[in-house]
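Next up: some structures, all given as structure tokens.
In the two complexes below, chain A is the common chain; its partner is chain B in one and chain C in the other.
This part shows the complex of A and B:
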């Protein structure tokens, strides 16, 4: 995986998730950060920090990104969500426009 | 993570609520004619949405819906998220008085609970806990009663309140909402307990723009209390058969009114005179009111009118006894009137020509004839004209031939015959034409071949035979077609089989049609509704319908077809078929 094809998402605790840029772009918010011409620091370094999203939620979100890519390619499986994560995940999804 | 501020209040305009997930208790069952238009859209949407990946937000909402009983409170969520969960629960009918508790103090803005099962007094506490955040509340069809409305006192910012069909609410309940001065829209349809006295509570609602009191039979005398609500733009008191001329007087100063519905009341020409000052009125519905052509005195000054419904009134050709006294008011009329001397009794209709902006005019079910139509000549903006069940005949149609913006004409049950249809041949904007009249025959259809924009053609009772259908071959945009006069055989269907835009086809009452007809129309895969009742169609012919995957309604009454035959067809490949006869 070439570095320019990946992004690093960093949770509130500092946990780092390196994922495909294509997957991260499922989120409209991240897409804007990485592509807007204003030269966000995020776009330059390929790193986005989410001080309000915990690692467990961010991991789930990364799973969703990949699930979503598969779904749009025709693999329509079910996406499992643990009940105890739902509310927090929902808030994060709202923030990420996902 | 701040809550997004954007409010999704798209349901707001949809007060009539036909688009809801919840099945409305008060939905009218539509005629087959409307079935096509109401059913066609959801199908397209289903197909389009299939490919779309659900967002994580949607997945979370669905997950919460499934486990709703495990949630105690959503009050820690940003408002737009708890709103989204609430809407989802209502849509899927998972909300109960127990799960409602989780929404206490959520600062929700919109609670659309119209026709929702089980809504009663006990729900009001949580509803009122939204406090000053609540902007829109729909409790229509609920069992909420007068004391329940006390709770709304805290919801001081409420803008829209829907209490349609709440038959437990009376004057006393109205009193509790009298302080909600931010209300913009209030609707109270079909409430027999509200009286003139109770309506005093409305006098303080100074910001009200829309008031709907349809089917409230006890409000006679009460409109005096809305006299000061000068922001009012829309008022409906239709089907209030208690409403008389006296009730019109308080409306005379409501100059912001744009829409006024007083159909099926007792208002006469005299009552209409009170409306003279309503210069912004664009919609006026007088259907079924005992008004005559004399009311045109008043109507002709309402120059903003776009929509005028005078169906089922007391209009006749003879309507202007009073006009002689008018000559001094409209001196310019005298000279112009000479030109119409052949119709000395129709001066009243002449006044109609002043309404040059009119787009929709309904004169149906009146005792009027050709003489009136000459005065429609100047209504150059007319798009829709209803003349059904009148004495209008072929001679009158020539006055319509210049109305080139006309998109819809209804001439059903008139005395128009084949010879008159020539006059319509230049109206190339026409999309909808109703010629459901016995004296229309094949010869008349020849005049319609130029109307290639037609999407709806109703020849229900016309005597059309096989040779007549050849004139329909070029009407490729037809989406609905009805030919039920009895004269059609399989040979005629040959001319219909290539009208590939058809979604509704009614060929019932043509008793010589056979299975061959079903075979021929098997290529009309856009069909949503098909009726071939009273024909020689048999169960053996049903197999030809298998390609009609979009079919939702199939009617084969009085044929050699049983309900079980159709059910077999349904399970063999017509999953969309929801409505069939025999059943």
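This part shows the complex of A and C:
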């Protein structure tokens, strides 16, 4: 995996998730950050920090990114969400336009 | 091929499936609550509102309470309330109106129950007064038969 094909998502606690750029682009918010010309510093470093999203939630979001890619390629499986994470996950997903 | 469901949609669906466990909704966006809270029963909605501290949810819940009011007390009663508020140029949250009305109805019910109880008591007392009374009087003593025996038996024996 080449470095320019990946992005690093950093949680509130500083936990780092390195994932495919393609997966991260599932989120409209991240896509804007990474692609808006000349704008965000995130685009240069390929790093995005989310001071309001905990590691548990960010991990789940990364899982969703990959699930979403598979789904769009025709692998229609269920995406399981633990009920106790739902509210927090929903808020984060809302923020990420995911 | 179906469109990939968004994570927000999946979460909303999960929350709705588990709406009976919903308590403090924290800072959840109002437009998300708009999709979720209509799935609550009266008790669930009340629980969510009392559990969510430091936030007024009435912008989302007021119309839900209005619905509950109409369902519970009827359309006519709802119209009367709206008319009265217009007339007096005041406005209350539908939750307050619902709770006030519920209290009224319960008080009226209690009064009716009390009245019924009283009526039953009265009726019981009336029946009691007309009942055949058992008395403990002993039958008159059988002195006469005793006398008869003492007089006639000796005669018969003679």
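We adopt the following convention: the second predicted complex is superposed on the first by the 97 of 98 C-alpha atoms of A that agree within 3 Å, B and C clash if a C-alpha of one lies under 4 Å from a C-alpha of the other, contacts with A are read in each partner's own complex, and residues count from 1 in each chain.
Keep this in mind: contacts are C-beta pairs under 8 Å (C-beta built on N, C-alpha and C of every residue); 3 or more make two chains touch, one makes a residue touch a chain.
All figures in this text were calculated on a predicted structure; none of them were measured in a lab.
Student: State whether chain B and chain C clash or fit side by side on chain A once the two structures are superposed.
Tutor: clash
Student: With the two complexes superposed on chain A, say which partner A:91 touches: chain B (first), chain C (second), both, or neither.
Tutor: both
Student: Identify the partner contact of A:9: answer first if only chain B is touched, second if only chain C is, both if each is, neither if none is.
Tutor: In the superposed model, A:9 contacts neither chain B nor chain C.
Student: Which partner does A:83 contact after superposing on A: first (chain B), second (chain C), both, neither?
Tutor: Both partners, chain B and chain C.
Student: Tell me the contact category for A:48 with respect to chain B and chain C: first, second, both or neither.
Tutor: Neither partner.
Student: If we overlay the two complexes on their shared chain A, which of chain B and chain C does A:30 touch? Say first, second, both or neither.
Tutor: Neither partner.
Student: One more residue to check, A:58. First (chain B), second (chain C), both or neither?
Tutor: Touch status of A:58: no partner.
Student: In the superposed view, which residues of chain A touch chain B and also chain C?
Tutor: 61, 64, 68, 71-72, 79, 81, 83, 86-87, 89-91, 93-94, 96, 98
Student: Help me check something: in the complex, which residues belonging to chain A touch chain C?
Tutor: 61, 64, 68, 71-72, 74, 76, 79, 81, 83, 86-87, 89-91, 93-94, 96, 98
Student: Which of the residues in chain B come into contact with chain A in the complex?
Tutor: 1, 3-4, 51, 53-57, 59-61, 63-64, 67, 70-71, 74, 76-78, 80-81
Student: Any idea which chain C residues touch chain A in the complex?
Tutor: Those in contact with chain A are residues 1-2, 4-8, 10-12, 14-15, 18, 21, 25-29, 32.
Student: Using the touch definition from the top, list the residues of chain A that touch chain B in their complex.
Tutor: It is residues 52, 61, 64, 68, 71-72, 79, 81, 83, 86-87, 89-96, 98 of chain A that touch chain B.
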